[in-house]
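Read from first to last, the chains carry the letters A, B and C; within each, the first residue is number 1.
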Amino acid sequence: MIAKPHAYTLQALADRLGLELRLRAGRPMPGPVCRLAALASAGADALSFYHNPRYCQDLRHSQAAAVILHPRHETDCPTHCLLSDQPYVAFARASQLFARPALQQQGIHASASLDTDVQLAANVSIGAHAVIGAGVAIGEGAVIGAHVVIGEGSTIGAGCVLYPNVTLYHDVHLGERCIVHAGAVLGADGFGFATSGGRHHKIAQLGGVRLGNDVEVGASSTIDRGALDDTVIEDGVKIDNQVQIAHNVRIGAHSVICGCSAIAGSSVIGKNCTIAGAVGVINHITICDGVTVTAMSLVSQNIDKPGIYSSGTGLDVSGNWRRNIVRFRQLDDMARRLTRLEHQAVSGQEDPE
Amino acid sequence: MIAKPHAYTLQALADRLGLELRLRAGRPMPGPVCRLAALASAGADALSFYHNPRYCQDLRHSQAAAVILHPRHETDCPTHCLLSDQPYVAFARASQLFARPALQQQGIHASASLDTDVQLAANVSIGAHAVIGAGVAIGEGAVIGAHVVIGEGSTIGAGCVLYPNVTLYHDVHLGERCIVHAGAVLGADGFGFATSGGRHHKIAQLGGVRLGNDVEVGASSTIDRGALDDTVIEDGVKIDNQVQIAHNVRIGAHSVICGCSAIAGSSVIGKNCTIAGAVGVINHITICDGVTVTAMSLVSQNIDKPGIYSSGTGLDVSGNWRRNIVRFRQLDDMARRLTRLEHQAVSGQEDPE
Amino acid sequence: MIAKPHAYTLQALADRLGLELRLRAGRPMPGPVCRLAALASAGADALSFYHNPRYCQDLRHSQAAAVILHPRHETDCPTHCLLSDQPYVAFARASQLFARPALQQQGIHASASLDTDVQLAANVSIGAHAVIGAGVAIGEGAVIGAHVVIGEGSTIGAGCVLYPNVTLYHDVHLGERCIVHAGAVLGADGFGFATSGGRHHKIAQLGGVRLGNDVEVGASSTIDRGALDDTVIEDGVKIDNQVQIAHNVRIGAHSVICGCSAIAGSSVIGKNCTIAGAVGVINHITICDGVTVTAMSLVSQNIDKPGIYSSGTGLDVSGNWRRNIVRFRQLDDMARRLTRLEHQAVSGQEDPE
């Protein structure tokens, strides 16, 4: 059976979110609220939210059952309000009330293959065909999806959710409440070879992978095991889809790595950084706390001051762009010619005007 | 048993492809045609095709059993011909005649796990260890590969093919005749957080994913579910491998997204666009119909005119490149100095020559 | 049961690695050596190595049980030594002595699904829920992980290791001692369509994939099958995670392709090339032997001379960068204005100074 959608009275929503409910006089009390919607599309069955001034007009005309907003905007709202100092955070919490859990708690599926030496805490759920290796320990309430493979000696903290088709190699350690999306691979070999005479000799990757608490890893992302020491992802780090984290990288707490970015071996990213999508960071780089790197930039040198960093060129019509990239190859020459002209101009102006 | 290779007489090929067969006088009738090959490598057992003038010499010397070509090239062809106004399209259709189906129709494999509340139309095939959740409906003739996981309430249209190890989360809807390659993940959570005080609060992703008819999704590509509304891929869209489509993106009908491209949240791509490989599109971008973006470009502003767009620099020997990127950092300064020199030149020329 | 860590006497290490052991006089003989560690963190239970002069101070103070190093550095080492002309290669071989095999030899798991027409050589291991198609042949000592799917007619050479959740389509051929990491997909359809009237007609991909000996393929990498002929990866090629190799690509022997790079259709890369991370190579490109392409470069023209190649711009603070990319769009114009000024300066100097 599919779970029924959730439904709440306004008062129940206020109670669960710990927000003050302010009823708009003359506005009828709505029926059960069963979904979350944007201001413009929310009807009387929906809760909405307001935090971005761009949607000011939508607020003034909203038909929502109620709107989560900052007290200073209460008078702009034609319908009932749930007051919050941080309406966007309150919206995030409200979204959880309407979420259908993607994986059902279901106990241990009969088709799962568990080694005899596995430790399961209370209320662990393990999906169909999952394979759990020797020495694995899984914490309370963790949900392991169908087809997940967990290698020897790995540990999964309480409250973790691993979606289907996740692969954890051996010695991969997850803190509490981590979420790992489908297809992600944690603990594959780092890409290490000793090259001699044009031949590449594989360096066994003897370290593991260690995730802190509240880490999220997106679909098809890969985090390699360390060569000698562990690859480390600190607490609260959020990693989007198709991100590649190489061996011995360390990502500081509460940093965000957006989709398709790649962090090469042994690089260290500070705390509270934002690495936008499709960014590359070469190996052995250090990035300090509080750095933002914009989309598709390449970080090829250390960054030791917080701030926003970029590389690349802007988009252009291809005809223009083609002419300009020819000039880019002549740029150093142009700079020298410019300097020479300036010197000539100065010497030509030696006579006072 | 492995399926035997297909073999056809020339007349059978002409009939199946609906093309006129023109026999070359004096050329013997070939035996069964059992493969498709390029002009230069095709022997008497192979069908070939000609549509690119670059291969004109290959055509003149081809040993193929027959060649699919435009009537105007018939006289250049030393062997039998199959005439087509669109020889490349005819070749595409011919290729299907020689394809070995990657997944065999096999009914429901005994090791598959189906919820009791699953609707299967006629001739559905489900591979080993597949896991099908509650409320799933699968259309006529669909082929679900081994190890595919389909979440609750998802629907699969008639004639779809899902290759092994595909993961569909709940509420993912595929039209008819979609093809999803191995390792693809549809419906993982969009990357949405409300950040406050340096902490990221997860926004539950309440929307789903909706694919039109005839959509193809490449291996290890990821299409995230929407935050409130669905992520939408319209009819006929072709998505290559390792493409990332973020939450609430919409891709217009018959657009093509090449390998390793990434489309960030809420961006809208028009119809009949071509996004080349490794392109990035930042979030909340709108691209109109009929746009081509060349490889590894970053789209960071809306595009409202059809055309070809690019970013980046051309490739260069690293020594030169290194000198030029230093100058790139001085480019605004160079532009100002150039303008100043021009002004000086004009004022220095005030005296008539 | 988890395997116990390995432990060796110094003499056993010297024997296994074929290196000369030089005992440091006055230094006690260490107990069993059970791990490999960097110079600075190695204690008396660890073997270390020295090959990079940057760690010269670490060598002088190392507490390791023994250090692998070149004979010329023996006098700088306070502890026992293992002498090697190629200490980094010797370290690579030593790392194998301490590796825990990620997949245990275990015979054929009861839950694996093997077609009746499968050929298994001696000592093949097949993990839980693996699915092996008709006509597959697997060589001696190969280890097939849990949840691996191998399509019809594919062949796996002796000594190969396929990690969990790998998907091989039909007609994918691996040489000996190949390693394929979790989530990799070999043999999915190349991205080929005949487009007519805005509709894309799928071209069946009739070729296969062929890997030489000693090839390694990283996690979530994808190698598509060829359109008519095979996609070919030659001996000794090392491919990192999340790499995309399109149809009919050929990668020459002993080349290295780093993480997240994408090689488009029909491109040919020579032998002993190094393609750094996040590089793009457009289709129908030829790159000669011995080429290095630096991170995140785009190769959009043939390379016929060995050397190092790059594209892109350096990283900058976003404020500066934004001003410079505006100028990049004017670069051709700037170049023309510069040339004009130079002509003016020359004509203005016609009068002798």
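Here is the rule we go by: contacts are C-beta pairs under 8 Å (C-beta built on N, C-alpha and C of every residue); 3 or more make two chains touch, one makes a residue touch a chain.
Note that the coordinates shown come from a computational prediction; the quantities given were computed from them, not determined experimentally.
S.K.: To the nearest 5 degrees, please report the angle of the rotation taking chain B's Cα atoms onto chain C.
M.R.: A turn of 120 degrees brings the C-alpha atoms of chain B onto chain C.
S.K.: Check the residue numbers that chain A and chain B use where they touch, and answer same if over half are used by both copies, otherwise different.
M.R.: Looking at both copies, the contact residues mostly diverge.
S.K.: For chain A and chain B, what's the span in angstrom between their mean Cα positions?
M.R.: Chain centroid spacing, chain A to chain B, equals 26 Å.
S.K.: Do you know which chain C residues sit against two or more other chains?
M.R.: Residues 111, 129, 147, 165, 183, 220, 242, 260, 278, 312-314, 316, 326, 328, 330-331, 334, 338, 341, 345, 348 of chain C each touch two or more of the other chains.
S.K.: Given the complex with chain C, which residues does chain B contribute to the contact?
M.R.: Of all residues in chain B, those touching chain C are 1-3, 35-38, 41, 86, 88-89, 91-93, 95-96, 98-100, 102, 104, 109, 111, 127-129, 145-147, 163-165, 179, 181-183, 216, 218-220, 236, 238, 240-242, 254, 256, 258-260, 272, 276-278, 295-296, 312-319, 321-322, 325-326, 328-332, 334-335, 338, 341-342, 345, 348-349.
S.K.: Quick check: in the complex, which residue numbers of chain C touch chain B?
M.R.: Spelled out, the residues of chain C in touch with chain B are 111, 113, 117, 129, 131, 134-135, 147, 149, 151-153, 165, 167, 169-171, 183, 185, 188-189, 191, 193-194, 196, 198-206, 220, 222, 224, 227-229, 242, 244, 246, 260, 262, 264, 278, 280, 282, 293-294, 297-301, 303, 307-314, 316, 320, 323-324, 326-328, 330-331, 334, 337-338, 341, 344-345, 348.
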